[in-house]
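First chain A sits with chain B, and in the next complex the same chain sits with chain C.
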Partner chain A sequence: MQEAETDPKRTKSYVEEVFRKVQEKPGVEDILIMNHSGVPVKTSMDRQEGLQYACLYDNLREKCQAFLSKMEPAQNLTLLRVRTKYHEVLITPDAKITVLVVQNAKDTFLNIKG
Partner chain B sequence: MSAEVEELLKRFQSMKNVTGIVVVDNDGIPIKTTLDYTLTLHYAALMQTVREKARQVVLDLDATNEFTFLRLRTEQNEVMLCPQEDYFIMVIQSPCD
Partner chain C sequence: MNRILEKVIHQNGTIVDRILSEHTIGYVVSDNTANAVAETSFDNTSAQAILKHLHGLLVSTCQSVVRDIDPSNKLCFMRLGTRKFEYLVAPEEYFTITVVQ
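Coming up: the complex of A and B.
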(Lines of atoms letter the chains of each structure in order from A and count residues from 1; the text may use other names and numbers.)
(Lines give C-alpha, C1' and ligand atoms only; values in the text may rest on other atoms or scores of the structure.)
Protein backbone atom coordinates (compact mmCIF):
# COMPACT_ATOMS: atom_id res chain seq x y z
CA MET A 1 0.00 0.00 0.00
CA GLN A 2 1.30 3.43 -0.92
CA GLU A 3 1.65 5.32 2.34
CA ALA A 4 2.57 8.57 0.64
CA GLU A 5 -0.81 8.86 -1.05
CA THR A 6 -3.07 11.68 0.01
CA ASP A 7 -6.54 11.16 1.45
CA PRO A 8 -8.61 9.12 1.56
CA LYS A 9 -6.53 6.55 3.38
CA ARG A 10 -7.91 3.04 3.33
CA THR A 11 -5.54 1.24 5.61
CA LYS A 12 -5.86 -2.21 7.07
CA SER A 13 -7.34 -0.85 10.27
CA TYR A 14 -9.93 1.12 8.30
CA VAL A 15 -11.02 -2.06 6.53
CA GLU A 16 -11.24 -3.88 9.85
CA GLU A 17 -13.33 -1.06 11.28
CA VAL A 18 -15.73 -1.06 8.33
CA PHE A 19 -16.07 -4.81 8.57
CA ARG A 20 -16.80 -4.71 12.28
CA LYS A 21 -19.36 -1.92 12.04
CA VAL A 22 -21.27 -3.51 9.18
CA GLN A 23 -21.28 -6.86 10.95
CA GLU A 24 -23.14 -5.32 13.88
CA LYS A 25 -26.15 -4.49 11.74
CA PRO A 26 -29.08 -6.89 12.04
CA GLY A 27 -29.89 -9.07 9.07
CA VAL A 28 -26.42 -8.98 7.56
CA GLU A 29 -25.47 -12.37 6.16
CA ASP A 30 -22.13 -11.77 4.46
CA ILE A 31 -19.64 -8.97 3.97
CA LEU A 32 -16.98 -8.66 1.33
CA ILE A 33 -14.50 -5.83 0.94
CA MET A 34 -12.56 -5.44 -2.28
CA ASN A 35 -9.64 -3.25 -3.17
CA HIS A 36 -9.44 -1.00 -6.21
CA SER A 37 -8.53 -3.90 -8.50
CA GLY A 38 -11.51 -5.98 -7.46
CA VAL A 39 -9.49 -8.37 -5.32
CA PRO A 40 -11.25 -9.32 -2.07
CA VAL A 41 -9.19 -8.21 0.93
CA LYS A 42 -11.56 -9.23 3.70
CA THR A 43 -14.66 -11.38 3.63
CA SER A 44 -16.91 -13.52 5.79
CA MET A 45 -17.66 -15.85 2.88
CA ASP A 46 -15.65 -18.90 1.97
CA ARG A 47 -12.99 -18.39 -0.66
CA GLN A 48 -14.83 -19.74 -3.68
CA GLU A 49 -18.07 -17.94 -2.95
CA GLY A 50 -16.26 -14.71 -2.17
CA LEU A 51 -14.39 -14.73 -5.45
CA GLN A 52 -17.57 -15.39 -7.36
CA TYR A 53 -19.45 -12.56 -5.70
CA ALA A 54 -16.51 -10.22 -6.09
CA CYS A 55 -16.11 -10.92 -9.79
CA LEU A 56 -19.77 -10.80 -10.78
CA TYR A 57 -21.02 -7.92 -8.70
CA ASP A 58 -17.98 -5.78 -9.31
CA ASN A 59 -18.60 -6.27 -13.00
CA LEU A 60 -22.19 -5.15 -12.54
CA ARG A 61 -21.04 -2.12 -10.57
CA GLU A 62 -18.66 -1.15 -13.38
CA LYS A 63 -21.51 -1.44 -15.87
CA CYS A 64 -23.77 0.77 -13.79
CA GLN A 65 -21.01 3.31 -13.30
CA ALA A 66 -20.45 3.42 -17.06
CA PHE A 67 -24.16 3.96 -17.58
CA LEU A 68 -24.28 6.84 -15.13
CA SER A 69 -21.22 8.43 -16.71
CA LYS A 70 -23.10 8.59 -20.00
CA MET A 71 -25.96 10.57 -18.52
CA GLU A 72 -25.96 14.33 -18.97
CA PRO A 73 -24.63 15.57 -16.63
CA ALA A 74 -22.35 12.69 -15.65
CA GLN A 75 -23.03 11.26 -12.22
CA ASN A 76 -21.07 9.13 -9.80
CA LEU A 77 -22.51 5.95 -8.35
CA THR A 78 -22.70 6.09 -4.57
CA LEU A 79 -24.77 3.01 -3.79
CA LEU A 80 -26.02 0.04 -5.77
CA ARG A 81 -28.74 -2.13 -4.31
CA VAL A 82 -29.77 -5.38 -5.98
CA ARG A 83 -32.84 -7.07 -4.57
CA THR A 84 -33.30 -10.73 -5.37
CA LYS A 85 -35.78 -13.34 -4.27
CA TYR A 86 -33.80 -14.55 -1.27
CA HIS A 87 -31.65 -11.63 -0.21
CA GLU A 88 -30.41 -8.16 -1.03
CA VAL A 89 -26.93 -7.11 -2.09
CA LEU A 90 -25.63 -3.62 -1.41
CA ILE A 91 -22.49 -2.35 -3.10
CA THR A 92 -20.86 0.85 -1.94
CA PRO A 93 -18.02 2.00 -4.17
CA ASP A 94 -15.44 4.15 -2.48
CA ALA A 95 -12.28 5.87 -3.66
CA LYS A 96 -10.16 2.80 -3.07
CA ILE A 97 -12.33 0.05 -1.67
CA THR A 98 -15.71 -1.43 -2.52
CA VAL A 99 -17.90 -2.77 0.26
CA LEU A 100 -20.36 -5.50 -0.68
CA VAL A 101 -22.99 -6.57 1.84
CA VAL A 102 -25.44 -9.43 1.50
CA GLN A 103 -28.43 -9.08 3.79
CA ASN A 104 -31.92 -10.36 4.44
CA ALA A 105 -34.03 -7.46 3.31
CA LYS A 106 -37.13 -7.07 5.43
CA ASP A 107 -39.83 -5.75 3.19
CA THR A 108 -43.16 -6.80 1.76
CA PHE A 109 -42.14 -6.80 -1.89
CA LEU A 110 -42.77 -10.49 -2.45
CA ASN A 111 -46.14 -10.26 -0.73
CA ILE A 112 -47.17 -7.45 -3.03
CA LYS A 113 -45.96 -9.42 -5.99
CA GLY A 114 -48.11 -12.44 -5.08
CA MET B 1 -50.73 -3.04 -19.51
CA SER B 2 -53.22 -3.76 -16.80
CA ALA B 3 -55.23 -1.26 -14.80
CA GLU B 4 -53.30 -2.45 -11.78
CA VAL B 5 -50.10 -1.02 -13.22
CA GLU B 6 -51.89 2.19 -14.15
CA GLU B 7 -52.92 2.59 -10.55
CA LEU B 8 -49.35 1.95 -9.39
CA LEU B 9 -48.04 4.60 -11.74
CA LYS B 10 -50.50 7.14 -10.43
CA ARG B 11 -49.46 6.32 -6.90
CA PHE B 12 -45.77 6.71 -7.74
CA GLN B 13 -46.37 9.97 -9.50
CA SER B 14 -48.06 11.55 -6.52
CA MET B 15 -45.20 10.71 -4.20
CA LYS B 16 -42.85 13.40 -3.04
CA ASN B 17 -39.37 13.49 -4.61
CA VAL B 18 -40.34 11.48 -7.69
CA THR B 19 -39.05 13.33 -10.73
CA GLY B 20 -39.75 10.81 -13.48
CA ILE B 21 -41.39 7.51 -14.33
CA VAL B 22 -40.68 5.45 -17.43
CA VAL B 23 -42.20 2.15 -18.52
CA VAL B 24 -40.16 0.24 -21.09
CA ASP B 25 -41.04 -2.97 -22.87
CA ASN B 26 -38.64 -5.86 -23.37
CA ASP B 27 -37.34 -4.49 -26.65
CA GLY B 28 -36.22 -1.28 -25.01
CA ILE B 29 -39.05 0.81 -26.39
CA PRO B 30 -40.56 3.28 -23.91
CA ILE B 31 -44.29 2.77 -23.53
CA LYS B 32 -45.13 5.43 -21.00
CA THR B 33 -43.07 8.28 -19.64
CA THR B 34 -43.22 11.51 -17.69
CA LEU B 35 -39.80 12.70 -18.83
CA ASP B 36 -38.98 14.42 -22.08
CA TYR B 37 -38.45 12.19 -25.09
CA THR B 38 -34.67 12.42 -25.44
CA LEU B 39 -33.99 11.71 -21.80
CA THR B 40 -36.49 8.86 -21.86
CA LEU B 41 -34.76 7.15 -24.77
CA HIS B 42 -31.40 7.57 -23.11
CA TYR B 43 -32.54 6.05 -19.83
CA ALA B 44 -34.48 3.27 -21.54
CA ALA B 45 -31.60 2.09 -23.70
CA LEU B 46 -29.03 2.14 -20.93
CA MET B 47 -31.20 0.66 -18.21
CA GLN B 48 -32.22 -2.20 -20.46
CA THR B 49 -28.57 -3.21 -20.64
CA VAL B 50 -28.20 -2.84 -16.89
CA ARG B 51 -31.29 -4.93 -16.32
CA GLU B 52 -29.99 -7.82 -18.43
CA LYS B 53 -26.61 -7.61 -16.74
CA ALA B 54 -28.12 -7.68 -13.27
CA ARG B 55 -30.36 -10.60 -14.15
CA GLN B 56 -27.39 -12.54 -15.48
CA VAL B 57 -25.27 -11.81 -12.40
CA VAL B 58 -27.97 -13.06 -10.06
CA LEU B 59 -28.54 -16.19 -12.13
CA ASP B 60 -24.82 -16.94 -12.34
CA LEU B 61 -24.52 -16.94 -8.57
CA ASP B 62 -27.57 -19.07 -7.84
CA ALA B 63 -29.78 -20.59 -10.51
CA THR B 64 -32.78 -20.69 -8.19
CA ASN B 65 -32.53 -17.01 -7.33
CA GLU B 66 -34.33 -14.25 -9.17
CA PHE B 67 -33.61 -10.59 -9.81
CA THR B 68 -36.52 -8.52 -8.53
CA PHE B 69 -35.39 -4.94 -7.99
CA LEU B 70 -32.47 -2.61 -8.57
CA ARG B 71 -31.63 0.72 -7.03
CA LEU B 72 -28.89 3.01 -8.32
CA ARG B 73 -27.99 5.92 -6.13
CA THR B 74 -25.91 8.94 -7.09
CA GLU B 75 -25.40 12.34 -5.54
CA GLN B 76 -28.05 14.01 -7.68
CA ASN B 77 -30.75 11.41 -8.03
CA GLU B 78 -31.75 7.82 -7.56
CA VAL B 79 -32.88 5.40 -10.25
CA MET B 80 -35.07 2.45 -9.31
CA LEU B 81 -35.67 -0.39 -11.72
CA CYS B 82 -38.38 -2.98 -11.26
CA PRO B 83 -38.43 -5.75 -13.90
CA GLN B 84 -41.70 -7.42 -14.80
CA GLU B 85 -42.42 -10.22 -17.22
CA ASP B 86 -43.12 -8.16 -20.32
CA TYR B 87 -41.75 -4.77 -19.36
CA PHE B 88 -39.93 -2.92 -16.65
CA ILE B 89 -40.72 0.18 -14.65
CA MET B 90 -38.13 2.81 -13.91
CA VAL B 91 -38.63 5.49 -11.28
CA ILE B 92 -36.28 8.42 -10.84
CA GLN B 93 -36.34 10.40 -7.63
CA SER B 94 -34.25 12.73 -5.54
CA PRO B 95 -32.31 10.72 -2.97
CA CYS B 96 -33.71 10.93 0.55
CA ASP B 97 -33.02 8.71 3.53
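Coming up: the complex of A and C.
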Protein backbone atom coordinates (compact mmCIF):
# COMPACT_ATOMS: atom_id res chain seq x y z
CA MET A 1 0.00 0.00 0.00
CA GLN A 2 3.00 2.28 0.34
CA GLU A 3 3.90 1.91 -3.34
CA ALA A 4 3.37 4.41 -6.15
CA GLU A 5 3.49 7.52 -4.02
CA THR A 6 2.84 9.72 -7.04
CA ASP A 7 -0.93 10.11 -7.20
CA PRO A 8 -1.81 6.49 -6.41
CA LYS A 9 -5.16 5.17 -7.54
CA ARG A 10 -7.43 4.29 -4.65
CA THR A 11 -10.59 3.10 -6.28
CA LYS A 12 -13.56 1.56 -4.57
CA SER A 13 -12.43 -1.92 -5.57
CA TYR A 14 -9.06 -1.22 -3.94
CA VAL A 15 -10.80 -0.26 -0.70
CA GLU A 16 -12.90 -3.42 -0.85
CA GLU A 17 -9.80 -5.50 -1.44
CA VAL A 18 -7.97 -3.95 1.52
CA PHE A 19 -11.02 -4.46 3.72
CA ARG A 20 -11.38 -8.10 2.72
CA LYS A 21 -7.71 -8.91 3.19
CA VAL A 22 -7.51 -7.29 6.62
CA GLN A 23 -10.71 -9.02 7.69
CA GLU A 24 -9.14 -12.41 7.03
CA LYS A 25 -6.42 -11.82 9.61
CA PRO A 26 -7.02 -13.56 12.95
CA GLY A 27 -7.69 -11.42 15.98
CA VAL A 28 -9.04 -8.42 14.07
CA GLU A 29 -12.00 -6.86 15.82
CA ASP A 30 -12.84 -3.77 13.77
CA ILE A 31 -11.68 -2.12 10.56
CA LEU A 32 -12.13 1.48 9.49
CA ILE A 33 -10.98 3.01 6.22
CA MET A 34 -11.00 6.78 5.79
CA ASN A 35 -10.27 9.06 2.87
CA HIS A 36 -7.77 11.88 3.08
CA SER A 37 -10.35 14.22 4.58
CA GLY A 38 -10.94 11.91 7.52
CA VAL A 39 -14.36 10.76 6.35
CA PRO A 40 -14.96 7.03 6.89
CA VAL A 41 -15.66 5.29 3.59
CA LYS A 42 -15.90 1.70 4.80
CA THR A 43 -16.11 0.29 8.31
CA SER A 44 -17.19 -2.74 10.27
CA MET A 45 -18.16 -0.65 13.29
CA ASP A 46 -21.55 0.85 13.90
CA ARG A 47 -22.01 4.41 12.71
CA GLN A 48 -21.50 6.31 15.95
CA GLU A 49 -18.47 4.31 17.07
CA GLY A 50 -16.90 4.58 13.64
CA LEU A 51 -17.28 8.35 13.58
CA GLN A 52 -15.75 8.63 17.03
CA TYR A 53 -12.75 6.49 16.13
CA ALA A 54 -12.31 8.32 12.84
CA CYS A 55 -12.38 11.77 14.42
CA LEU A 56 -10.12 11.00 17.37
CA TYR A 57 -7.50 8.83 15.73
CA ASP A 58 -7.29 10.96 12.61
CA ASN A 59 -6.50 13.92 14.85
CA LEU A 60 -3.80 11.86 16.54
CA ARG A 61 -2.37 10.82 13.18
CA GLU A 62 -2.15 14.45 12.07
CA LYS A 63 -0.28 15.36 15.25
CA CYS A 64 2.15 12.47 14.77
CA GLN A 65 2.84 13.50 11.19
CA ALA A 66 3.43 17.09 12.29
CA PHE A 67 5.85 15.87 14.96
CA LEU A 68 7.81 13.71 12.54
CA SER A 69 8.07 16.50 9.98
CA LYS A 70 9.65 18.68 12.67
CA MET A 71 12.39 16.18 13.42
CA GLU A 72 15.71 16.33 11.62
CA PRO A 73 15.65 14.77 9.09
CA ALA A 74 11.96 15.11 8.26
CA GLN A 75 10.18 11.78 8.03
CA ASN A 76 6.82 10.46 6.89
CA LEU A 77 4.64 8.39 9.16
CA THR A 78 4.13 4.88 7.84
CA LEU A 79 2.63 3.08 10.84
CA LEU A 80 1.22 4.12 14.18
CA ARG A 81 0.53 1.43 16.75
CA VAL A 82 -1.31 2.25 19.96
CA ARG A 83 -1.39 -0.45 22.62
CA THR A 84 -4.07 0.00 25.24
CA LYS A 85 -5.20 -2.19 28.08
CA TYR A 86 -7.83 -4.08 26.15
CA HIS A 87 -6.77 -4.04 22.50
CA GLU A 88 -4.40 -2.57 19.96
CA VAL A 89 -5.06 0.02 17.28
CA LEU A 90 -2.97 0.19 14.13
CA ILE A 91 -3.13 3.17 11.78
CA THR A 92 -1.54 3.02 8.35
CA PRO A 93 -1.68 6.37 6.56
CA ASP A 94 -1.45 6.41 2.80
CA ALA A 95 -1.43 9.21 0.27
CA LYS A 96 -5.19 9.08 -0.06
CA ILE A 97 -6.65 6.63 2.44
CA THR A 98 -5.99 5.73 6.05
CA VAL A 99 -6.56 2.21 7.32
CA LEU A 100 -7.39 1.82 11.01
CA VAL A 101 -7.50 -1.66 12.52
CA VAL A 102 -8.55 -2.58 16.04
CA GLN A 103 -7.24 -6.00 17.02
CA ASN A 104 -6.58 -8.16 20.05
CA ALA A 105 -3.12 -7.43 21.34
CA LYS A 106 -0.67 -10.23 20.65
CA ASP A 107 1.94 -9.31 23.23
CA THR A 108 2.05 -10.47 26.83
CA PHE A 109 2.24 -7.00 28.33
CA LEU A 110 -1.19 -7.29 29.90
CA ASN A 111 -3.59 -10.21 29.84
CA ILE A 112 -6.67 -8.19 30.71
CA LYS A 113 -9.72 -9.12 28.67
CA GLY A 114 -12.31 -6.34 28.54
CA MET B 1 14.17 11.00 41.73
CA ASN B 2 17.16 10.67 39.43
CA ARG B 3 18.97 8.66 42.06
CA ILE B 4 16.11 6.16 42.17
CA LEU B 5 16.16 5.99 38.38
CA GLU B 6 19.89 5.31 38.28
CA LYS B 7 19.38 2.54 40.81
CA VAL B 8 16.60 1.01 38.72
CA ILE B 9 18.67 1.18 35.55
CA HIS B 10 21.59 -0.41 37.32
CA GLN B 11 19.42 -3.23 38.62
CA ASN B 12 18.03 -3.86 35.14
CA GLY B 13 21.41 -3.56 33.46
CA THR B 14 20.98 -6.75 31.47
CA ILE B 15 17.63 -5.59 30.12
CA VAL B 16 19.07 -2.21 29.19
CA ASP B 17 21.99 -3.88 27.43
CA ARG B 18 19.64 -6.15 25.51
CA ILE B 19 17.52 -3.20 24.43
CA LEU B 20 20.56 -1.28 23.26
CA SER B 21 22.39 -4.15 21.61
CA GLU B 22 20.65 -4.48 18.25
CA HIS B 23 19.48 -1.85 15.78
CA THR B 24 18.93 0.75 18.49
CA ILE B 25 19.93 4.32 17.70
CA GLY B 26 19.29 5.70 21.15
CA TYR B 27 16.92 6.10 24.03
CA VAL B 28 15.46 8.82 26.23
CA VAL B 29 14.04 8.42 29.71
CA SER B 30 12.20 11.45 31.01
CA ASP B 31 10.84 12.33 34.42
CA ASN B 32 7.13 13.06 34.20
CA THR B 33 6.95 15.30 37.26
CA ALA B 34 9.96 17.49 36.53
CA ASN B 35 9.44 17.29 32.76
CA ALA B 36 13.17 16.84 32.30
CA VAL B 37 15.48 14.34 30.67
CA ALA B 38 16.55 11.84 33.28
CA GLU B 39 18.69 9.56 31.14
CA THR B 40 19.53 9.61 27.45
CA SER B 41 22.07 8.48 24.89
CA PHE B 42 21.29 11.33 22.51
CA ASP B 43 22.73 14.80 22.59
CA ASN B 44 20.78 17.36 24.55
CA THR B 45 19.07 18.96 21.56
CA SER B 46 17.62 15.73 20.23
CA ALA B 47 16.63 14.60 23.70
CA GLN B 48 14.84 17.86 24.39
CA ALA B 49 12.99 17.63 21.07
CA ILE B 50 11.80 14.11 21.84
CA LEU B 51 10.89 15.12 25.37
CA LYS B 52 8.91 18.18 24.38
CA HIS B 53 7.05 16.89 21.34
CA LEU B 54 6.86 13.15 21.81
CA HIS B 55 6.52 12.76 25.55
CA GLY B 56 4.76 16.03 26.19
CA LEU B 57 2.39 16.41 23.28
CA LEU B 58 1.85 13.09 21.55
CA VAL B 59 1.62 10.91 24.63
CA SER B 60 -0.95 13.18 26.25
CA THR B 61 -2.92 13.43 23.00
CA CYS B 62 -2.88 9.68 22.56
CA GLN B 63 -3.89 9.14 26.17
CA SER B 64 -6.83 11.49 25.77
CA VAL B 65 -7.89 9.73 22.55
CA VAL B 66 -7.89 6.37 24.29
CA ARG B 67 -9.77 7.76 27.27
CA ASP B 68 -12.37 9.46 25.07
CA ILE B 69 -13.27 6.19 23.39
CA ASP B 70 -13.38 4.09 26.56
CA PRO B 71 -12.88 5.77 29.96
CA SER B 72 -11.76 2.51 31.56
CA ASN B 73 -9.05 1.98 28.95
CA LYS B 74 -5.46 3.13 29.32
CA LEU B 75 -2.52 3.75 27.03
CA CYS B 76 0.19 1.15 27.58
CA PHE B 77 2.54 1.46 24.61
CA MET B 78 2.91 3.43 21.42
CA ARG B 79 4.93 2.87 18.27
CA LEU B 80 5.56 5.37 15.48
CA GLY B 81 6.97 3.76 12.37
CA THR B 82 8.64 5.72 9.59
CA ARG B 83 10.79 4.64 6.69
CA LYS B 84 14.07 4.95 8.52
CA PHE B 85 13.32 4.96 12.22
CA GLU B 86 10.77 3.66 14.66
CA TYR B 87 9.92 5.37 17.92
CA LEU B 88 8.81 3.07 20.73
CA VAL B 89 7.22 5.00 23.58
CA ALA B 90 6.33 3.43 26.92
CA PRO B 91 4.51 5.87 29.20
CA GLU B 92 4.67 4.89 32.84
CA GLU B 93 3.41 6.60 35.96
CA TYR B 94 6.61 8.45 36.83
CA PHE B 95 8.81 8.00 33.76
CA THR B 96 8.35 7.86 30.02
CA ILE B 97 10.77 5.73 28.04
CA THR B 98 11.43 6.17 24.32
CA VAL B 99 13.65 3.91 22.24
CA VAL B 100 14.54 4.83 18.66
CA GLN B 101 15.48 1.95 16.43
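As a working rule, the second predicted complex is superposed on the first by the 103 of 114 C-alpha atoms of A that agree within 3 Å, B and C clash if a C-alpha of one lies under 4 Å from a C-alpha of the other, contacts with A are read in each partner's own complex, and residues count from 1 in each chain.
Criterion: contacts are C-beta pairs under 8 Å (C-beta built on N, C-alpha and C of every residue); 3 or more make two chains touch, one makes a residue touch a chain.
This is a predicted model, so every value here is computed, not measured.
**Student:** Counting only touches as set out at the top, which of chain B and chain C does A:Leu80 meet: first, second, both, neither?
**Tutor:** Touch partners of A:Leu80: chain B and chain C.
**Student:** Looking at the overlay, does A:Cys64 come into contact with chain B only (first), chain C only (second), both, or neither?
**Tutor:** both
**Student:** From the superposed pair, tell me which chain A residues show up as contacts to chain B and also as contacts to chain C.
**Tutor:** Touching chain B in the first complex and chain C in the second, residues 52-53, 56-57, 59-60, 63-64, 67-68, 70-71, 75-86, 109-110 of chain A appear in both lists.
**Student:** What does chain A use to touch chain C in their complex?
**Tutor:** 52-53, 56-57, 59-60, 63-64, 67-68, 70-71, 75-86, 109-110, 114
**Student:** How about chain A: which of its residues touch chain B in the complex?
**Tutor:** These residues of chain A touch chain B: 52-53, 56-57, 59-60, 63-64, 67-68, 70-73, 75-86, 109-110, 113.
**Student:** Within their complex, state which residues of chain C touch chain A.
**Tutor:** Residues 49, 53-54, 57-58, 61-62, 65-66, 68-70, 72-85.
**Student:** Show which residues of chain B lie in contact with chain A when the two form their complex.
**Tutor:** Contact set of chain B toward chain A: 42-43, 46-47, 49-50, 53-54, 57-58, 60-62, 64-77.
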